[in-house]
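Naming follows writing order (A, B, C, D, E and F), and every chain is counted from residue 1.
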Amino acid sequence: MDFIGADCAFDAADAVIFGAPYDSTTSFRPGTRFGPSAVRSESFGIETYSPYQRKDLAEDARVHDAGDLELPFGAPDRALEAIEAKAAEILDAGKVPVLLGGEHLVTLGAVRAAAKRFPGLRIIHFDAHADLREDYLGVRLSHACVMRRCHDILGDGRIWQFGIRSGTRDEFAFMESGHVKTEPFSAETLSSLSFPEAPPVYLTVDLDVLDPSEFPGTGTQEAGGMRFADLLARLLDVFARFNVVAFDNVELSPSLDPSGRSTALACKLLREELLALRRRG
Amino acid sequence: MDFIGADCAFDAADAVIFGAPYDSTTSFRPGTRFGPSAVRSESFGIETYSPYQRKDLAEDARVHDAGDLELPFGAPDRALEAIEAKAAEILDAGKVPVLLGGEHLVTLGAVRAAAKRFPGLRIIHFDAHADLREDYLGVRLSHACVMRRCHDILGDGRIWQFGIRSGTRDEFAFMESGHVKTEPFSAETLSSLSFPEAPPVYLTVDLDVLDPSEFPGTGTQEAGGMRFADLLARLLDVFARFNVVAFDNVELSPSLDPSGRSTALACKLLREELLALRRRG
Amino acid sequence: MDFIGADCAFDAADAVIFGAPYDSTTSFRPGTRFGPSAVRSESFGIETYSPYQRKDLAEDARVHDAGDLELPFGAPDRALEAIEAKAAEILDAGKVPVLLGGEHLVTLGAVRAAAKRFPGLRIIHFDAHADLREDYLGVRLSHACVMRRCHDILGDGRIWQFGIRSGTRDEFAFMESGHVKTEPFSAETLSSLSFPEAPPVYLTVDLDVLDPSEFPGTGTQEAGGMRFADLLARLLDVFARFNVVAFDNVELSPSLDPSGRSTALACKLLREELLALRRRG
Amino acid sequence: MDFIGADCAFDAADAVIFGAPYDSTTSFRPGTRFGPSAVRSESFGIETYSPYQRKDLAEDARVHDAGDLELPFGAPDRALEAIEAKAAEILDAGKVPVLLGGEHLVTLGAVRAAAKRFPGLRIIHFDAHADLREDYLGVRLSHACVMRRCHDILGDGRIWQFGIRSGTRDEFAFMESGHVKTEPFSAETLSSLSFPEAPPVYLTVDLDVLDPSEFPGTGTQEAGGMRFADLLARLLDVFARFNVVAFDNVELSPSLDPSGRSTALACKLLREELLALRRRG
Amino acid sequence: MDFIGADCAFDAADAVIFGAPYDSTTSFRPGTRFGPSAVRSESFGIETYSPYQRKDLAEDARVHDAGDLELPFGAPDRALEAIEAKAAEILDAGKVPVLLGGEHLVTLGAVRAAAKRFPGLRIIHFDAHADLREDYLGVRLSHACVMRRCHDILGDGRIWQFGIRSGTRDEFAFMESGHVKTEPFSAETLSSLSFPEAPPVYLTVDLDVLDPSEFPGTGTQEAGGMRFADLLARLLDVFARFNVVAFDNVELSPSLDPSGRSTALACKLLREELLALRRRG
Amino acid sequence: MDFIGADCAFDAADAVIFGAPYDSTTSFRPGTRFGPSAVRSESFGIETYSPYQRKDLAEDARVHDAGDLELPFGAPDRALEAIEAKAAEILDAGKVPVLLGGEHLVTLGAVRAAAKRFPGLRIIHFDAHADLREDYLGVRLSHACVMRRCHDILGDGRIWQFGIRSGTRDEFAFMESGHVKTEPFSAETLSSLSFPEAPPVYLTVDLDVLDPSEFPGTGTQEAGGMRFADLLARLLDVFARFNVVAFDNVELSPSLDPSGRSTALACKLLREELLALRRRG
C-alpha cells in the first residue's frame, strides 16, 4: 500500500519515500518501527488536496513510494548501511529521498549518503532533544547521539537546531561552544537565516518537537513544544528558501496514541512537505 | 438517564435534547453512535453552574431530554425521516431541537424540518471538513455530502462555514464559486456578520472543528484546529446575535479517546449552549 | 501488502483472497471494516509453515490476494452486488473465493454467487449468533438476518449451524421447526454428517463462535464459546470431507482487542484453512 | 436506563435490581464503581432470551430495576447503612434484592438486611479471594474483610466458599479451623450439599472467581479460575436447589477490560440468574 | 526507586519528597493512588538537567525521596493523620515537604502541619476546581471540600486561587464574598501580588489546572485550562518571590492517559519546582 | 522496589532475582524491556502465601532481589556479557540465578554462565516458538535463534522443548533430526523423563507458551497454548524432580495487555517457582 497520492513510477518521480522501520537503540519506549506502515495505511484518512498550499498531491507532485527496508534488529551498523545505500540510490537518480523512521538514528544513514554527494551540506534539525551525546551507555550508534555523529561528518557550524528543550548539561555546553547552532524551545530565528544562494540542506524532523498534546505518539514526550501551525509554517519556509536535497520525519510511535491523531498529523505534515518540495528540472 | 440538569418536562421546556446514535455512512472510523449516551452518562462529571455565563442549568434554563431515537443501520433515508419527524415535533411545539450525533449526516434530517418552518433559514457551520461533495462513492446521503444536501435545500449564500481545513479541490472550488461562504482554518469573520434583524439560524457544530489535541475523540482528526476557548466565545456570540431555532453537536466518537476528555468537553460545551439559548416567550 | 505467502498470480492460483471492509449495518459496536487490512499487515507475525498440517503456505498452496473491494457505506444493496460480482469472477475462473469481512452481511454476496453456480450448495455456519431474523428494525439486509437471507435462497435443510448460543425466541423456534439444522453451543455432531459424495459447501466462520477469552476482537461477544483447538479440528475435518467451493471469515474487529491476539488468531486460522483447501485439478 | 428486560414496576416485581457503585476501600486498582452503569448500558448487546434455560427475561420473569444508590465515598459505614436500608425495603416487600457492585464490601449491607429477616441464613460465596481478614491496615470495613464481617453475624459453619485461590496463611488457617467451609480452586463439592428443606441462602458472586482470561475486567486478577460454563452450571444448581432470598454480583471494573467482554459476560450471567430465580407466590 | 536525581540522604537534604497514594474520596474516576509510583518510575525518561533554569537536579539541589506512606483506604481521617505526621517530621527537621498525591484531600494533612509551624501561612492554589464545598454528600473530608477545610484553619484572605473554572454557584458566591481570593480561568494577577517580606507559603498544584490536552491524565478534566509554559512561568515566579515552606502536586491519574505524557509532564514540572526551591541555610 | 517477599540479603539468600530489561533484537512488537519492573511493582497485588504449595514467600524462602542490569540497546554482544557476568556472580556464590526478561535472547547470557559451571547441564524449555533459527536476517544473536545458540554450547540431546507450536520448516526439521527433543503443542511427555540422579537443569520459560487468552501480554501470540494450571503443574514437577540450577521467565510485554492480568500471572508464577525451588544446603 503506497502513501496516498504517491503513485508515481520511480523513474518519473521527483521524490521517493522509503521507510526505515527500526527502533533497536531506543532507550525509553520502543515502537517507532511501526511508524512507516501506520503512515501509509492511515494516509487514506486525509485528502490529497492541501488548502494551505492549494495544491493536490495526486496532480501537482510526482512522488514514488518505495516501501520499507527490511532491517536487522540488533545490528545498527548494518541497518545504517542499508539506509545509506537506499538514499544513495535515490540521490544518484537525481531525486529527493524522503525517509520515514523509525528512531532518529536512521537519519545518520541518509545524512551519510547526502554528505558524500553535497559537499556544502547543512542540516536543519527540529527536535525536542539535542541528540548530541558522545555515547549512550557506551554505544555510539544510538538515537541519543545521532546529531553528534552528523557533526562528526559535517563539522562545526553546519547544523542548525530548533525547538530543543531537553538534554544533558554536556549537550547544552556543546551547543554553547558553537559546534552547532541551537535555538532552544522555539524556531523564531529560522526566518532570519539567509544566504545568497540556497545551500543544499538535509531537513530532519523529529516529530517530538511538537507539543505532546498535539503529538502524543512518540516515545519520549517533552511538554512545552511547538504547535502544528507554527511547525508547518517553518517547514514551508525551509522548503521555499533552501535547496532541500533530502528529508526525513522520524519518531512516530503509533501505538502510544490510541486516538490515532499523531499518525494523522504525520500524514498531513508529509503531504505538505511533499507539496512544498521544489520540482526537479 | 437525562443530561445533567435537563429535567424539565417536555411541555414546560424551551429546548429539547434528542440523540441520533447513527454512524452508518461513516467512511473512516465509526463509533459516533455512542456519542449521545456518553454525553448523558458523563455529564455527571461536570457542574450545572457555568462560571462563564454565571448561570445554572438547573435553575436558569428549561431543558427536556427526550432520549435517543432508534435508527435502522444500513438505511440512511429512513433514519433521516425519523430525525426529521422528531425535529418537526419539537419545532411545532415552539421549542428548540437540540440534536446530538452521531455522524454529521444526521444534521440533514433536522435541517429539513427547520427549513420547512423557517423560510429564511441560514446555517452556521463549524467543521474541519467541507462536507460539500456531490456524492461519495456514488452515495449522496453520506456524511461527506451533508452540507451539499443542505445547499440543495437552501440555495446559494445561506450557509456560512468556519474552521474548514480539509476538502477536495472540487469542494474548495465550490466554496470559491460563492455557493457557500467559507472562512477556512478559523472563525474571525463571524463577528462581522450582522443583520438588521436576527435571522433564523440552524447551528451545526461538527466537534472535529476543534484541534485534535483538545478533542481527539472523533473519527477524522485534522491538525491545526480551533481551541475550546475560541470556539466557546464564537458560539456565545452566535447565540447572542442570531435567532438560533435549532442546533446540533455531532461527530463525538467516545471510544477513540480513552482519556474521556472529549466527552467531558462535549458535555461542557452543551451546557454552555443550553445556557446561552434565548428563552422562548 | 498481501497476506503472508499469498503471492501467487491470479491465473496460477487455486484460491483468491479478497476483503470486504464493510460494517454499515452493524447494530452494536462497529469496527469490522478494519479486519481485512489488519489480517494482512499482522500476518507477518506468523510463520508460513504449519506444524499442524506440516505444510507451508509459500510452498504447498497457490493463493492470490486480490486486495479489498471499495464498498459504499450506507448502501448495503450496492455493497452486496460488488461482493457477488467479485466472488462470481473468482468462481468463474475455477478458483475458490476466500472472503474476509467485515460484518457478517457480506457473506450474502458470496453465497449468492456460489448458489448460482452450485445447485446443491450447502452452508456450514460457525457462529455465536443465529443471524436468522426476518428483519432488524425493518431492515432485511442486516448482519442479524444474513442466514435468513441465505435460507431464502437455499431453502430448508441446507444450512448447518454450529456453536450458536444467542438469538431470540423466534430464531430458536425457526431452527426447531427444521428450516435449518442447528447444534447450539458446540459442534460435536459435525463429525457424524456424511454423504456418499462430497457436496459443494460454502463455509462461513463468524469468528465470534470462539470464546471471547480467545477472540475478544469482535463486536458482540458471547461467553461460553468454542476453543481455538476445537474449532481448528472441526474446520480441518470440513475441508477434508466436503467440497468447499468458497469460504469466509468474518466479524474480526481489531481495535476492540488492544493486545492484538484476535488478529493473530485470525491470521493463523486463515493459514490453516488455506493449507487445508483441496488443490484444484 | 434499565437493565434489558427489567421493565416491571416495583410492586409487580419478583426481583429488584439495585446498584451500589462504591469502591472506596479497594486496596489495589479501583474502578468497580462503574460496574452497575456499565451492566445496564451494555445489556442492550445481549438478547433477553436464554437458550440455556429456554426462557425470556421480557416474558418469563418479573424484574424491576431500581437504579443506583448515591453513596458517600470515604464513609464506608454510611454507605453500608444505605445499602442495608435498600435491601431491607425490598425484602420487606417480599421481593428478592439483586445487588450489583461495586467492591465486595457492599455485600455486607445486604447480608445484614437478609440475616435479620432470615434467621437460618446461609451464604454461598464464589470468589478468587478468601476475604476473611480480621482487618486490613487497621480498617475492619474493607473489601478484604467482608466475609469475616459476615461470619461475625452468622457464626461458624454457615458460609460456604468456592473457587478461592488466594489469601494469607491466616485466612487459610481460619478456613481450616472450620469457621467457614471452603473448597479452594473449584466448586465440585457444591452438588453434594443437600438439605431436607431448601434453606434461605444469600448468594454472593465475586466475579473474579472466573479465570482472568474470561473475565479480565476486575481489579485483582488471579490466574487459574473457573470457566464461565462451569460457573453458570453451578449457579443454576444453586437456584434450583436452594431458596435464594437475595444475591449479588460484585467486582466488575469495566475500564480494565477495553474489549468489553467482561461487562458482556456480567450481563449474560445476570440474565441467567434472574431467569433461574424461583417465582414468588 | 527514587525520583531521578533525588538521591540525597535525609539529613543532608533541603527538600523531602513523599507520596500519599490515596484516592478514597474521589467522586468521579479514581486512580490517583498510582500517581506517586508512576512519577518515580517514569522520571527516568527525563533528564536531570533543566535548560529552563540551567541547573541540574543531581548537582544543584539536595533532595531526599522518602517513598510512599501506606494509607488505609476507607478511613480518610486516619490517612490525614499519617500525612500530617510525615509533613511535621520533615518540617521539624528544617526541610521542605514535597507531597505527591493522590487526590487533593491529601493536601489537608500537609497544610495542618505547616499551619501549626508557620502562623502567617498563606496558600497559593492552582486548580480547575474551587474545592470549596462545605460538604459532599454529607462528607466533610472530601477532595471536593479540601480548600474549605483549609479555610477553616487559615481564615479569610489567606488563600489565593488561580485557574479555577468549575464549581457550584455556592462556591463562586463564597469566593465573591471575599473568603478566598480567586482569579478564575487564569493566573495573570499573580505577578502583582507583592509583600515587603516574603511570607511563608504553602503551594498546592492540582494538575488539572492544566488544559486536558496537555494533561489528560486526571479524573475530572475541564476544558479551557492553562498551558504548561504558562504554569511553569507562574510557578517559577512563586518560588522566586515567596518563601515556599511546603508544596504538593496532586491529582495525576496515570492510567487515564495511555500515552504517558501526563506523567512525563508531572516529572518535568517536579524537576523544575525542586530546582526553583530556595536552598536552606 | 523488590519483588514481594524477596527481602533477603544477598549473602543469606538461596535464590537471587535479577532483571534484564532488554528487547533490542525483537523482530515483531517490542516492549519486554518493561517486564522486570512491571513484575516488581505489580507483585504487591498478590499474596506472599501460596495455597498451592501451602508455603509463604516471606517465611519459607530466602530470596534476594538484585534489581535490574543496565543494558546497552543496540549492542547485543555486550548485553549478553553483562548478563553472563551477573549470573556467574550468583552461581559462584552458590545461589540460584532467577533471570527476568526481557526478550528471550537474554537467556543465552545465563546459559553460558551455567554451562561453564555445570558440565552436564540440560535445558528444559517451555515456549510457543522453536527459536532454533541459524540466523535471523543475518543476525545470529537474535531472540529467534536463542535455542540454536544454546545448542551450539550444549550439543545434541540436551535440550528438551515443550509447547512449541510455531517455527519454520527448517526448525521443525532440526528438531526431527534429533538435535533437540521437542514435544510440540503440549508437555505431556515431561513426566516420563527420569534419571537415576537429578541432573543439573537450566529452566527457561518463554511465557508465550501459555495460551494468549491467559497471557496476552507478549509480543508474538500463538493461539492454542497451554493453560496456567497445566503449566504450573509441569513446573512444580520440574522443580521436584530435577536440580534446577538457574531459571528464567521471559517475554512478558506489559503494555500489550491493558488489563494487567499477564503481569499478575507472571508474578504468581514466579512466586510458585521461588517456593518450589529446593533449599540450598
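The criterion applied here is as follows: a residue touches a chain if its C-beta (ideal position, glycine included) is under 8 Å from a C-beta of that chain, and two chains touch if they have at least 3 such contacts.
Note that this is a predicted model, so its numbers are computed, not measured.
Two copies of one sequence, chain A and chain F, touch each other mainly through matching residues, since over half of the numbers at the interface are common to both. Comparing each option in A-C, A-E or B-D with C-F by residue number, the pair that reproduces over half of the contacts is A-E. Note on interfaces A-E and E-F: more C-beta pairs are in contact across A-E.
Using the mean of the Cα atoms as each chain's centre, the chain most removed from chain C is E. The centroid of the Cα atoms in chain D and the matching centroid in chain F are 38 Å apart. With centres taken as mean Cα positions, chain D sits 56 Å from chain A.
For chain B, residues that reach two or more other chains under the stated contact definition are 211, 213-214, 258. Chains touching one another, given as pairs, are A-B, A-C, A-E, A-F, B-C, B-D, B-E, C-D, C-F, D-E, D-F, E-F.
Residues of chain C that touch chain F in their complex: 44-49, 51, 54, 56, 59, 211, 213-214, 228-229, 232, 258-261, 264-265, 268-269.
In the complex of the two chains, the chain B residues touching chain C come out as 23-27, 30-31, 33, 70-76, 78, 105, 136-139, 141-142. Contact residues of chain B toward chain A in the complex are 28-29, 164-169, 172, 184-185, 211-214, 216-217, 220-224, 256-258.
Those residues of chain D whose C-beta lies close enough to touch chain B in the complex are 1, 37, 41, 258.
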